[in-house]
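Below you'll find a set of structures to go through.
Below, chain A partners chain B and then partners chain C, in two separate complexes.
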Partner chain A sequence: MSGTLRGALMGAVFTIALGTGTAWAGTIKVGVIAPFSGPFATVGKTFKEGIEVYQAQHGKTVGGDTVEFIFKDLDQANPAQSKALAQELVVKEKVGYLAGFFFTPDALAVAPLIDEANIPCVIFNAATSAITEKSPRYVRTSFTLWQNTVPLAQYVAKQGVTKVATAVSDYGPGIDGETAFKKTFEAEGGRVVDSIRMPLKSTDFAPFMQRIKDSGAQAIYAFLPAGPTTLAFAKAFSDTGLKAQGVKFYGPGDITQEPDLPALGDAAAGIISTFNYSQVHDSDLNRAFVAKHKELFGSSDTVTFTSVGAYDGAHVIYKMIEATGGKSDGLKAVEAVKGMTWESPRGPLKIDPDSRHVTQTIYLRVTEPKDGKLQNTEIAAFPNQPDYGFKVGK
Partner chain B sequence: METVFGIAVDGVAYGMILFIISVGLSVTLGLMRVVNLAHGAFAMAAGYVASYAAQTMGLPYGLALVAAVLLTVVATLPLEKLLYRRIYGSANELRQVLLTIGLTFVIVAGINYLFGPTLKRIPLPEMLTGTLDLGPKSIPTHRAFVIGMGAATILALWWLLERTSFGIRLRAAVDDPAMAAALGIRTERLYMATFALGTGLAAMGGVLGAELLPLEPYYAIRYIVLFLAVVAVGGAGSIFGSAAAALTLGVVDTAGKYLIPNFGEFFFYAALILILFRWPHGFFQGRAA
Partner chain C sequence: MTAVESDKMTTNTSTLPHSRPALPRIVTDAMPVVVMAVGGLAAFWLFPNDLGLLTRILAAALFVMSLDMVLGYCGIATLGHAAMFGTGAYAAGIVAVNWVSDPLALLAVGGVAGGLIALATGALILHARGLTLLMLTIAVAQIVQEVANKARDWTGGSDGLSGIDPAPVLGLFRFDLYGRTSYLFALAVLIVGFLVARRIVRSPCGLACRGVREEPLRIAALGGSPRRYLVSMYAVAGVFAGIAGALTAITSGIVGLDSVGFSWSAEAMIMLVLGGTGRLYGAVIGTVAFMAIHHILASTDPFHWMLFIGLFLMGIVLFLPGGIASLSARVLPLVKGGR
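And now, the complex of A and B:
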């Protein structure tokens, strides 16, 4: 490289550095860690879109300070990398808030960091109950497996179903779901006739279906992480004739998340799930949310639970900034949102002061075709559901 | 008894799907001596073509399958000429791995960019949905169809490699390329045709197997271990070996999942280790069709 060229480059670097330096004044930065590439890239995309919709509706400034979101890509569950990215955001980018997190281990990994730096961390998804116990600076705007499963198990018991087989993926959230279902359902007088834990990497589900058939269950409770396995599972359920025999399919709403519905096709029709959000939720706020999304991004087909998780997360962060007057004080910010209530596109929300997790309405939905595509139609609502899994102690 | 029958039927059905996806890899690895890690990527690309043809353009399933196989073969032939030709032969193993894994990454990123990371499906015709009754046990019609296609593929490949002059010349070229060339066999063309055969089989497997291994951009990386396992157990280049390996692994995996689901993939990999311990080169080493 010639001397002149190097000089010119150095000059450019300084100019850019100075330029961004001046822009920092009055800017509050929020670091968002989520998968933006790789198999879970849709999640990061929905997070980002949810935040952008919120900013389009509510402006980009709070009390004179501009709120800037900085996105960091973490393509799979990788706690060490999560911590490194968080550290980079805190030390180099000087963020005042951390947010995002799709996987539980990634969210857990930053606990010591947010405590040391006194930074609030708003979790948009990671759904294992135990996370918020690990630091007083965690606030979560998504859901937990317990929160979705307890009202579902009560509903199933009320339908006169007495024998259920559970089939869950063999990892943290799956086992949470299995435990929550079993505990609630058996307390209601039902019986879990078989508990199948399926390897995460399963591709062929026919043997599990045979087991379910042999167990004589009237219904199944199933949980698998959204994605290819769910598709193969739902297909196997209908292809092996279980569906035709009248066995009912219940599960938390992850399995029928909106972006996967076109691929699931008819196999998904008739699945009954409980969840905190459906794209077709009947409220003006939700219609405005979906319409704004469509206006900004051209399509609203992928609006799903992670979209509202981020949307409401952005709302919580705005309120925290408001309460602290733009100064960075993690505990004060978290303290300010404890007990906060507001109306979201998914319905009424409240941050529970103890668990710092949202207490919300859980909806019972059936997946059915309407106007040529599948949707999750809400058929009942269970208001004020807390995180039943908080401090269950595992 | 019913359990045993159930395991056998489900195991054979799963095994046949494994076979149909892996046999193309066995052809390229055994006959061309190329470790083609991009095999899964070719299968995936074909699946996406079929999905696009069937869903967006509304072609019937059969036509979409044929179109996907043909398009994949046509699209990969320039790759053979530009890239693969330089890495033939067992002396180039490291280069083969580097090139084909790189190619896989490129295809994964390309598919991700063009079609997005969500799942895609290939809608089945009315005829192939529903279940087929086999006495005490019923299996999905689509699986029965795949089993039939698998059996037809075994026979067709056996006939092609053992009973035609193409097969004779190919085997000659594989055993001793220099001598075959000296005898006037145009080895370059032969290799090109075999490469096309390999990718064509990959494409067919990708489309037919899409019900079990759903299409998404990471398909190419997610399932390649599965394909390699089948080829390793069967013996590279052996059609019957691949079939035997796929069926064995399919039945073992199904039995394990049915009887002790908590053990997960344990039985699949335990079988893999034991078989390779006893037959380090696979069931049918290299030679027979």
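And now, the complex of A and C:
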């Protein structure tokens, strides 16, 4: 093959990649980058299942074009690999949309790429507020720590609690939660008596429990990454007698996510959390969602916040495809969903035009046993909560 | 294991004047470079859509090569080599975000940072040997990682350091969406890195390090200081690891905590053992093989690929204990008539 011919071919390929080629009806590809193997494999699984439930309910075509999701495994936070995968999806697979992303750095890594290729990126989870500031082509359908924490802090203050200790894992989201809680709670007249930052990998929480005891706090606000750490923390909280003394345990709902509840066991009972979704949310849409999930995958026990993040993310992508008539134009697609409102299994949603983050109802839940297993029962709702962390900085 | 390895070493390295009379030294010396350059350019031509991955492979190869200088030539067992890589990456990233964005300057910054951290920590821990040393290297990497996590204002903590936007290479070649500039830049850095590293391991200091690996007592008896040799080679390898880190930061535009993580150190060790230690080019072969197979398996089956890669590694360890690069040493004698 001569150089010029090859050059011409490459040119054609790249033009197609940049978006003119998808004008005719055919397949519209969506690249999903998420952990599908390794310790966070369940997250990727819930993403995939959420998407499949959406496609089962709403069909696989939009205006004559078939929507195909391509999954790429990124087993742990690894931004360099995230960017390489995204590059491959855009250049080789010629995806018109990027989606997924569990960890913040992985989502941040693709910002220059989506800008250069003019491709929208729908984030299903990665929860640091600052992400959507980095590119106008990000849209997020999950939540942020601020969004969950602000209504919680207001609620705690209204309960007459005046002294709270915060205990968070010493990493980005933990610090976000601590800052959000402190700022809101002190504005409401409460006092944060101790701010404890625990090493991310600690498993022995007894010393921290002692500090909480010494601080004389009436309640704690805790945030740790879901899984074994939360389990150990919740167990230490009840074993050291803090629970028996009547100290209240508050936190964002990540710590009592549905797949972890069986492992958490009784230690989790009584934790009061705020979150955007509970599997037992009382609505017809949610019942249909969970039922469809059970029909497709045999069990609905693992349906959780990442499932609806992906489900609603798929909805946003469908609407984007509709709005652009199958052509790939990132800015136009994002423009089309700004201000969009719809009803989701988790409740009413709206894409905030400024932050491109989803404004939603945050629910106050208590973790309690029912019919032999634990669940997050919603006891109050705070509608229309925006991302309070947008442009706040760190 | 050491006996087998050293055996391989004498048959393979062309440094010793009497080792391989069959081919002139200039040919054996030029071969890896020619193969790398031709192979690299061929890959550029053949896989224009995979340049993102290929660039990562090249940067990783430089990192694994630096690990070879430590593990293969000095016999220092380390599972904390990512400390140097990550320090180089963060240093280059921080400088790029705040001050300078020239890629070559950033490589230099990464190299200096990697070398300094290696020198400082090497001087502290290299009196130990074996398992103790292994533990200390892990500890160093953990400390560096925790520092990177805590220094949020500079490193972005667990969110990663983003916003690295390097200037065009030599003011001419912009880093593009398809990764063409990144790839060729990385290829050039790797080849130059290989030549320099080879020169270093063949220097008197490099030879002394091999002596220390084989028999530290004898080196001491000859009047050398084993520890000084090891520390200097450790620092030099740190420079290479730092450059590899800076290269990754430049080409990917972001640095995360994973770049100082334990699993990155461990993965580098796997790639090195896979390719074969003590040869430098074995590091390149191992990295290309591991990451290419990793990529192919992960894209055919993103859900269960880990199982297959495990089986593949077990196969290599069982049937080719000297690594892929030892294949030539095993096959060549057969071809030449069984000598």
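Simple rule for what comes next: the second predicted complex is superposed on the first by the 369 of 394 C-alpha atoms of A that agree within 3 Å, B and C clash if a C-alpha of one lies under 4 Å from a C-alpha of the other, contacts with A are read in each partner's own complex, and residues count from 1 in each chain.
Assume contacts are C-beta pairs under 8 Å (C-beta built on N, C-alpha and C of every residue); 3 or more make two chains touch, one makes a residue touch a chain.
The structure presented is a predicted model; accordingly, all values stated were derived computationally and were not measured.
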Point to revise | Fit-or-clash call for chain B and chain C when the two complexes are aligned on chain A | key: fit
Practice item. Go through the superposed model and pick first if A:Pro259 touches only chain B, second if only chain C, both, or neither. Key: first
Review point. For A:Pro112, is the partner it touches chain B (first), chain C (second), both, or none of the two (neither)?
Key: second
Review point. A:Asp170 contacts which: chain B (first), chain C (second), both, neither?
Key: both
Exercise for review: Check the residue A:Phe36 against both partner chains and state whether it touches chain B (first), chain C (second), both, or neither.
Suggested key: second
Exercise for review: May I ask you to decide whether A:Leu331 touches chain B, chain C, both, or neither, giving the answer as first, second, both or neither?
Suggested key: neither
Check your understanding: With the two structures laid over each other on chain A, which partner does A:Thr240 touch: chain B (first), chain C (second), both, or neither?
Key -> first
Exercise for review: Would you sort A:Lys92 into first (chain B), second (chain C), both or neither based on which partner it touches?
Suggested key: second
Review point. Is chain A touched at more residues by chain B or by chain C?
Key: C
Study note, to complete from the structure: After superposing the two complexes, the shortest C-alpha distance between chain B and chain C, in Å, is 6
Practice item. Jot down the residues of chain A that show up as touching in both complexes, chain B in one and chain C in the other. Key: 37-38, 41, 170, 199
Exercise for review: Going by the contact rule at the top, pick out the chain A residues touching chain B in the complex.
Suggested key: 37-42, 170, 196-199, 201-204, 206-208, 210-211, 214, 227-228, 231-232, 235, 239-241, 244, 259-260, 262-265, 302
Point to revise | Sites on chain B touched by chain A in the complex | key: 3, 6-7, 10, 13-14, 17, 112, 116-121, 123, 131, 138-140, 142-143, 211-214, 216-219, 222-223, 226, 250, 253-255, 257-258, 261-262, 264-265
Revision key, fill the gap. Chain C contacts chain A in the complex at 48-53, 55-56, 146, 149-150, 152-153, 156-160, 162-163, 165, 176-179, 248, 251-259, 263, 298-299, 302-306
**Study point:** Of all residues in chain A, those that touch chain C in their complex
**Key:** 10, 13-14, 36-38, 41, 44, 71-73, 75-81, 83-88, 90-92, 104-105, 108-109, 111-113, 116-117, 128, 130, 134, 170-173, 175, 199-200, 394
